[in-house]
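So, here's a batch of structures to check.
Both complexes shown next keep subunit A, but they swap its partner, so subunit B is in the first and subunit C is in the second.
Coming up: the complex of A and B.
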């Protein structure tokens, strides 16, 4: 990323220029937004900047991955794995911690999770070994699990990831399921896009 | 179908244009670089979401374009398409991206991308949804590369024709190309020994299945189109040349396809088998070696391949037969005539071919836009029937 004031760097003093450059490395932030954020912090109360710095520091210092399911946590295990009331016989496999939160919000799932931290994307250089797939298989060998729900995204990369995991589940004799694809609740057939409607037709079920 | 109204803003050399179009033949004339081709380009863009001449959308935005009230510079193409009982409003906005500072002199704007916003009847849609709303066939002097150029040109001809006719085709093809890229990256990683070969069949399994499922459909549709085109364009070639000979169009697949069927599922199955047999070669080369992306068309008359041995005149006749055939195929499949865009093609043709083109567009009542620098290319009664528009410096004047 090219720094915002590259043409005449002497106009902006080093600490300001450095923060602008750091900000513009974040996703969705260009040089203009980076400058705006920087000058906002420059004018703001010192507590704001210090609080932000501390939060950033703690983020990298304290947060780590659960030893068992690779959810984000500050302990050795994540709160979900530590909760004894959760159904230990089902594992829901998701791509990212944010997907886990989405499923938790439904309140409809009481089992355990396994976070892969990504999906198969050869174009971006993400292969099997970059995901927590071997760790999942290891879990299935030691834990008494009846069902694995493959809740990767319903796009090409997510499907490829699910396919690859399924290949490993078959010899273990674990039941594998996939989230259904179809129409959104409260939706209108007329406005559904072709692909979604097609998937809903394919996945129709007996009443 | 026909376009009743076209409006442009900051598109190429048009700052602002609002143009009514006749449902019959319109003749656009003017000196070079006046904006004749850009007008056809705008219609072609609405039909296919691509420009026939430039690969970068940002080039379409006028150099002096400025955004309004802090918005970024953009070009806008909008048209009303009239069909039997309905009118559809198509609109494309091509907006330069924010990271390219507009304070610099526009000619010096760094290379980069532009984003497209597309609306049908004012409702935002995806680019793929626009394709097929307006169907066009573009004739340009560059059509000759269809015959002697690279296989990619011939695949593009089939793809653009079928995409405009079949919404499922354009989606499946996009999906196929995406899968292909992913699969190729995977193969490349093995070729460069960045990854262990263990489990290669499992890892390729998903991509093999999906690629061949999409590939089978694409291939089946192409074969069906080629069969139809043989009937249509084969005869057109005879009419154009008056040679008493028919053109035979062949489809050259990159793998041995079943001889008894052109059904998609069967083609997918055969492609899958062929892929698996090629595992070692593919890993060695680091790319997908078979599939619709490696196929080609051949053109032969009397058993002689015209792409290699044809004279310039024969090749020009083939290109013309393919284009007129494309228009006829669209009519037969959809029951509606596409809009013909003839960009400076008549000057390239001899008397007989020119006559054939003019007579085939004049009697159909099909909307046709013809560009020319020299009116002496046309016969008097053609000139009399056509609507004349003079194009000058990004502006259009009716007579």
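Coming up: the complex of A and C.
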């Protein structure tokens, strides 16, 4: 994996080799990028490395999950659950906190959320009990919710997760919806893949 | 710069926003990558974030420059200066510690090094006094050196830096050399840029 540094390890002093190693554990950062970042930090003002280190500590020490929707927060509840103006009758179910942020950026949604923290992936050992599904069902039993938007990703794992949750929603009599599938805005019909184009045809709307 | 997060800053809790911000200060890491890394660390075991934080602290606390050649080290002298088998009569002058590692990986060099820590760049405020040039001249006055290889980068700044050092070497009577310019091994003549092909022609060798 890292021939560049394992060939002559004695040349790269231990703290440098270790930071390269730690950076390489992050997704999308290979040994080359890790080494570039490390040597950049070596040259930079110490405040940069220390600031990053402090932010890393604070992230794990201060951030926790909202008691109600499992969004990330520093309080007991997240900023969205604490906002009284949100529509309390709709819950949008997403896989990750980043998905929640993406939906918030549209400005088109004013309801609540529920963050599953993952999707069903039996091959990776992620089963129903690893997701916040039971917690969602518990919410639906106590909160007056009319609609659950199953906004898991539009891929195989996301679909599987949505259908697994749907099975639990049916006996509760809660209306379940899924985000529309179709052509991406600004996209080019010619370049759309067949699944997307098929979904766009199937979901066509009256003008 | 970061419309995604400045639009509704109250949604991204402070420790998350700050780590995204700190990651974004690193070269080649934009706000999207910074946010992906942050949310990955949020989900990951705490050891990952804490290990990275510790490595960042250790880098700035433990790593210093070799008293002789200014390569990075954790001791007074660097591993290369401490290796008695190295040829003490040749000094290879490089811009950065990473360049030294690149040359070491070839296995084709057994002499000493001198790391300048940069190149002449007047527009960025980097002048002769910011580089370890005086320290190189001082070494040449006390060490028995026959040859100085000016291995600065083969670009405008590297050339300017090499010629600036060359002016100081002439009165000392030390032999100065520069790395060969030519076609990269495994490259394609058809795709070589005109400067490279010109240098390859000019530096052609008898077979």
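The rule is simple: the second predicted complex is superposed on the first by the 194 of 207 C-alpha atoms of A that agree within 3 Å, B and C clash if a C-alpha of one lies under 4 Å from a C-alpha of the other, contacts with A are read in each partner's own complex, and residues count from 1 in each chain.
Definition applied: contacts are C-beta pairs under 8 Å (C-beta built on N, C-alpha and C of every residue); 3 or more make two chains touch, one makes a residue touch a chain.
What you are looking at is a predicted structure, and each value in this text was computed from that prediction instead of being measured.
J.: Which chain, subunit B or subunit C, ends up touching more residues of subunit A in the combined arrangement?
T.: C
J.: Identify the partner contact of A:38: answer first if only subunit B is touched, second if only subunit C is, both if each is, neither if none is.
T.: In the superposed model, A:38 contacts subunit C only, not subunit B.
J.: Once the structures are superposed on A, label A:63 by its partner contacts, choosing first (subunit B), second (subunit C), both or neither.
T.: second
J.: For A:30, is the partner it touches subunit B (first), subunit C (second), both, or none of the two (neither)?
T.: Only subunit B; A:30 stays clear of subunit C.
J.: What is the contact status of A:152 with respect to subunit B (first) and subunit C (second): first, second, both, or neither?
T.: neither
J.: After lining up the shared chain so the two structures overlap, which partner does A:163 touch, if you call subunit B first and subunit C second: first, second, both or neither?
T.: Only subunit B is touched by A:163; subunit C is not.
J.: Would you check which partner chain A:49 touches, where first means subunit B only, second means subunit C only, and both and neither mean what they say?
T.: After superposing on A, A:49 lies in contact with subunit C but is clear of subunit B.
J.: Which residues of subunit B touch subunit A once you look at their complex with the stated criterion?
T.: On the subunit B side, the touching residues are 98-99, 126, 167-168, 171, 175, 178-179, 181-186, 189, 195, 199, 202-203, 205-207, 209-210.
J.: Would you mind writing out the residues of subunit A in touch with subunit B in their complex?
T.: Touch residues, subunit A against subunit B: 30-32, 121-123, 125, 127-129, 156-157, 159-160, 163-164, 167-168, 193-195.
J.: If you look only at subunit C, which of its residues touch subunit A in the complex?
T.: 4, 7-8, 10-16, 18-19, 21-23, 25-29, 33, 35-43, 46, 48-60, 62-63, 72-74, 78-80, 96-98, 101, 104-105, 117
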